[in-house]
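A, B, C, D and E are the chain letters, set down in written order, and residue numbers restart from 1 in every chain.
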Amino acid sequence: MTLHKAAEQRDIIDSPEETAHLARTWYSPRGFPGWFTQVNQRMIGKRFIITAFIFFLLAGILGLLMRLQLAAPEQQLLGPELYNQFFTMHGTVMMFFFAIPVMEGVAIYIVPLMVGTRDMAFPRLNAFGYYVYLIGGIVLFGSLLLGMAPNAGWFNYVPLAGKLYSPGYGVDVWTTMITFIEVSALTAAVELIVTILRMRAPGMSLNRMPLFVWAALVMSFMIVFAMPAVIVSSTLLILDRLVDTQFFIVESGGEPLLWQHLFWYFGHPEVYIILVPALGMISTIIITFTGRPIFGYTALVLSVVAIGFVSFGLWVHHMFTTGLPQLGMSFFTAASAMIAIPSGVQIFCWIASLWGAKIRFHTPMLWVLGFFAIFVIGGLTGVMVASIPFDTQVHDTFFVVAHFHYVLIGGAVFPLIGAVYYWWPKIIGRMMNETAGKWSFWLAFIGFNITFFPMHQLGLEGMPRRIYTYADEMGWGDLNMLATIGALVLAVGFGITLVNAIWSVSRGRPAGTNPWNAPTLEWATESPPASYNFRHIPVVESRWPLWDWQRQDERRVVTGLRNDRREVVLTSVLDASPVGVQVLPGPSIWPFASAVAASTGFIGIIFHPIFFVIGFFLVFFSLVAWFWPRRPWRND
Amino acid sequence: MNDRVPKRLVARARHRLVVRLTIIGVAVAIAMVAGAATFVFWGAYNVSALQQHTEPVYTLLNTALNRSIRQRAEDIEVPPLDDPAMAEQGLRYYREKCVQCHGAPGISRDDVGKGMTPVPSNLAHTARSRSPAEIFWTIKHGIKMTGMPSWQFIFTDAEIWEIVAFLMQMPRLSPADYQAWVAEVKKASTSATPPVSTPDPERGRLAMYGYACIACHRIPGLVGPQVDVGPPLEGIGERRYIAGVLTNNFDNMVHWLQHPTEVDPLTAMPDLGVTEQDAMNIAAYLSLLD
Amino acid sequence: MRVLEAVDVSGMSRFNPDRRAPLWWGILGLITIESAVVLTFCVSYLYLAAYAETWPPTGKVPPILWPSINLGLLLLSSFTMYLAGQGINRGDKRVLAIGVTTSVLLATVVLVLRSLELMAYEFSWKDHAYGSIVWAISVFHYVHVTSIVVGSAVVAILAWRGYFTRERQIGVVVDTNYWYFVCIAWIPFYLLLYWVPRLYVG
Amino acid sequence: MTTKPAFSVLLMPLFFAVGCNESEVMSLPGDPAKGKMAIAAYGCGSCHAIPGILGANGRTGPPLERIAERTYLAGVLPNTPEQMMRWIRIPEAIDPLTAMPNMDVSVNDARDITAYLYTLK
Amino acid sequence: MIPGTRSRAIVILGAGIATLLSGCSGSQSALNPAGSAADLIARLWWPTLVVASLVTMLVLALLLVAIFRAHKKGAALPLSARQSRNLVIACGIILPLAATIPFALSSFSIGREIDAPLPDGALTVEVVGKLWWWEVHYLDETGGRIATTANEIHIPVNEPVRFLLKSDNVIHSFWVPNLQGKTDMMPGRTNVTSVTANQPGIYRGQCAEYCGTQHALMAFLLVAEEPEAFEAWLEGQRQPAMEPATAQEMLGREVFLNEDCADCHAIRGTSAEGQDGPDLTHIASRRTLAAATTPNRIGHLGGWITDPQHIKPGNQMPSTELSPANLQALLSYLGSLE
């Protein structure tokens, strides 16, 4: 493929006036009104990340309070009501309001930069997704303050979550907020898919795409196929609760197990939705800090895709104790064990890449190395619980609590924090403190293991999950005390990163364009990037464009995009040859208005079904206003 | 240049003066606090009822007392007091509760009233020197550290006014008049109990000071000697039994407060003559303790 | 570092080069998501049916005439929508306007018929799981038909005002695609709601 | 509870100073540690809040905090170790009206329980 | 009280590798099996633990080698592409297969062994999950209920016992870690599990599926005893309640029948036939109260009757206002129901 369409290559010299004009075109409105009209992808991504970390902090505090309650037998700190609300909120917030949004947020921020474009395909939809997410999160935490938080667990099993056994608004809040997060996640997923497929820099064919972009693509597809199941199941539940349908009422022919199937059909891929982007982050960090191409690019891509596919065939292993036929369940044992292969391939591709390399042990790399130790343990216990007989002993015990915290914190949060340290200079323009970063890592690593390793043993000693207290005779006190101490250490570890981040915003060392000498496109623009991301859309000729440019001391770019409106290059799906130019919309209040309209409907139906109709028409009118073409209709 | 130096010197001198004065002030303050503490902890002041306060202390306290009563009685509205029936009712109460310490025309005070410091006033004289509002306030609230109790949980406001009405008559009564009036009153029957109004927890809380509940129990919300003669009443509202012998509900609590020995003859809790209204108020307060 | 020009896009179309504009992909994403929702509804229906002793609980199969007519009308409206799309491809604004309007009218007829049909259901969603799932699927699809009717009505208004041209037709493309989806989604629902009980009971 | 004797020794001068007769408590032969276990076993905590006993936060009877300082037991008995033992063993014989059931507490257990309760000051 | 001593296993945390050592004994522990199924599972667990530890150590060892290779020599010493490929194939594909295939196969065979059908004449116990306690019925060959109790299940040792698990409210899970893995109690279905105790003893079981407010305090005791003792116990449970022997107990029965107790509780042989709470016909024979929340001593019973909401907040038993005399009588009566 030739990209050299211009008759002869000429040097490009930018006039400051043109650059200023371009900056004005892509300018995000500031100030209070600007908050509600910004659509630039980096603004939205940053908001997603910050909001998600605030929820992480709050849910983490809930987790700490639960650990304090369990630190010793028969404690009186939290009663059963409060404890049940806390663990429900902790799970729900961590899974729905932290893990997915933060991964999406990082993808929304980084992916357009990585693929070398100026914004995402649907900037306003992006903003809409964020507002929906924000409103959902605020309402959910509001319900906790009002004492009507959901308390039927993040998995919300019926009939416990039904109207008969969970009266009040708690579960209604849960189902409604899940709908919010579904909408938000799905818009972001579609957004990412289209951006990745159609807006890559010319020359960035699929086999040159950075691994994190691959991971974001797989994550988005998984969201598209997994979320609908929970949309339907939460709809059925809310109908049962609000208008007396009988989907889960046994006496009327309903089936509680239907909920479990639908929920876990979503719920299991959900775990991998969180894990997959983290795998992409790890690859990215390893490439940068080993300073050489990664081994097994194709194998890594294929194994991420394979993980995505296989994850849809595992959901029944959450249901091994429900009395389903043994033979049918055995298939899921096999499938669950088989996920070890793509995971193994990933891990050993990374080890092969690290082997003998001159590794720079900066903070992001430490968090990735921490990932290895933790994730391997979590993965192995995952294989263990895939065994039906063994699972009948540890299912719903602290063994499982330990297992999935090893997978989720080790597999997702550690790489995520590594990624925060890694991309922070790009986002903020300043470096975080290395010493504090290392302290943070070691405290979190040690604290994490002290917290969650003993839980394996607690589970085997018969301590079930979701209990607010236990008797002294059970003998679980010592290990629980140990775990609580670990949790405090872990909290201090994360706390240092928080302080480090806040400190660095004003005091950090200026980062420069490419502080880590990384090879991907996001490092080709200044830190933080200008409103238009790239002065010129780059042209890519390998997987490691920045290293190429360094070697050749020259680079090629696209010209011909207008400065007076938001134009981006469209490229073909497979080999990314330029096929056209898309004009993107600018700031608008309508995404916010639509989000408020949708929220009115969703929140209203908790109180009366008529709000469904009201919400429907409110959303309709705000969408018409959103899309209505502005006169004069442009003729170009 | 010339006047800069003196200025600086003046500033320095002033500064030094301020520092010294501060040091002296702090030292004096510390010395005073230490002295006061020593005085108190050494037990230097004699609290014996046999010895009157020293003259300066007496004057100080007396002035404080007068000023305090006048200040607080200022806003009290005085109802008409000239109804003889009122004074007559007041006499009955006076004979029940007041004469023991204060005496009456021609009637000596009891032993308690004789041995007190400060000595209980002669009320025939008081009625001359104080306004009805001041007398009312004094009866209602009592006076700290004099032995004069607060009567507001024994008498309603109306009843206290009846006493005031009587006291206003007293300077005019000769011992013989007094005796005659007493004889007359003795013939008539005692008044009926006042109607009971809805229980008020806040009044109940104050009533427990009035009945000296804090002399035996620790009660959340009340300041007292914190002794454990009886059980602490923390959480009494959630307690299943009263005194281990009566299921804990409102009616039972009212009954118990009024007549503990009737419920359990063995109990150490005395009958305090709690009125029904006060018992209800107290029970209302106790039911809030959880 | 030298910055060289490699690609000049100034001459490229600012309109959708191959009809596969980002918005086309976006609507494809929406259709994919909604198809998964449709599929999940179907699975739920079959799951409930599989564990039921009798299906429907009353043993009475729902009447099939009007739903079949609705199916025909929906497919017909898809065809008129298709003609409308073809029209604007040729640049014929009039065909577009007439086609979209016809489709909207046809779908409105479907809505009226469906309303009558729903009102005639002999059972409520409160009666049993069968009633719940039938009502849920019916209302789900009803709402979708309503949304394409109101959405396409807006497109029709713009069409009559001559907004769409051969180049500026992404709005029509998106609308027709979603229209096809809603009409086609009725096919599995139709089979489930009206044929499965017949085959199951019979 | 091993700290208790040392603590008492420290407080000795104070007892002399206030003229309190500590001898009967000190001479009590029961074992507070055993008493603690006995209290848990007999279920005293289901009705009484007892400091130092896990899960003993009952609200049926009065709280036993500072029970050693209490003047009367159950409002009817002067509080001495002998009386407390008697009350624990046969409450209904002392006050027929009481809601406290006879729990068949053995003499030794009653002694240990009393010893523990007397540590609550 | 629950017998059995515990020895705390030693937890070693080191270099990210940690190993569970030694067995623990406890009355509610999967590591201290006393039943056939739990024994099989424990036998699957220990080798699995060993292999998993080895794999963890291997991966981390390779990681350390990978990291420190270059540092020793001071220059980059990467693997060749071929070496890398072999490493990935050997450790990333063959190793997981080699580890998981035997594991999955032994898991299947153990699963089948545990699920093997029981002989027809096996003792059948029906357990119904309640909010938040366990109703227990002993069934005869035809499925008729011959005895009803709650929160304490007796079984003969060394005999397979069939458990029919039901729920009429939310989902619970029946779990006695020392004897058998858990099986959920699904409303509208009857799940079946079997338990064979190999040693006499008292084992604690606990609800393992979150079931609402008092999920934490929903436990039971499973008493495995010699067949003779079991037969005697079952015979005792089949009998109606004992008649009161003293005036005090007689009064207690009156209190039971006249206060609200009989609305929810049944005592066979009296007019008390309430079905909402546990059957109290032989309550004095049970070791615990309130679903193994407290021991069954008269002190606990008194506190439980007067103030159940404080001992187990949110449970379905309301507190009853009983005069001291009635309470005393009720306690003596219930205490007599051996």
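Following the convention adopted for this analysis, contacts are C-beta pairs under 8 Å (C-beta built on N, C-alpha and C of every residue); 3 or more make two chains touch, one makes a residue touch a chain.
Bear in mind the structure is a predicted one, so any value in this text is a computation, not a measurement.
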Item to check | Intersection of contact partners for chain A and chain D | outcome: E
Next on the checklist: Applying the document's contact definition, name the chain pair with more C-beta pairs in contact, A-C or D-E.
Outcome noted: A-C
Item to check | Averaged-CA centre spacing for the pair chain B and chain A, given as whole angstrom | outcome: 68
Item to check | Mean-CA-position distance for chain D and chain B (Å) | outcome: 37
Next on the checklist: Between chain C and chain E, what distance separates the C-alpha centroids? Give it in angstrom.
Outcome noted: 52
Checklist entry - Using the touch rule from the top of the page, what residues of chain D touch 2 or more other chains? => result 47, 57, 59-60, 97-100
Checklist outcome for this item: Residues in chain A with touches to at least two other chains are numbered 255, 471
Checklist entry - When you check chain E against every other chain, which residues touch at least two of them? => result 1, 306-307, 310, 322-324
Next on the checklist: Strictly by the criterion at the top, what is the full list of touching chain pairs?
Outcome noted: A-C, A-D, A-E, B-D, B-E, D-E
Checklist entry - Inside the complex, what are the residues of chain D that reach chain A? => result 54-55, 57
Item to check | In the complex with chain E, residue positions of chain B that touch it | outcome: 238, 240-241, 244-247, 249
Item to check | Touching residues on chain C, where the partner in the complex is chain A | outcome: 1-18, 20-23, 25-26, 29-30, 32-34, 36-37, 39-41, 44, 47-48, 51-52, 57, 125-133, 135-136, 143, 146-147, 150-151, 154, 158, 163, 168, 171
Checklist entry - For chain A, which residues count as touching chain E in their complex? => result 79-81, 84, 152-153, 157, 159-160, 165-166, 250, 255-257, 292, 295-296, 299, 321-323, 326, 330, 333-334, 337-338, 340-341, 343-349, 351-359, 369, 372-374, 376-377, 380-381, 383-384, 386-397, 445, 449-450, 453-454, 456-457, 460-462, 464-471, 473-475, 478-479, 482
Checklist entry - So in the complex, which bits of chain B are touching chain D? => result 216, 227-232, 234-235, 238-241, 243-245, 263-264, 266-269
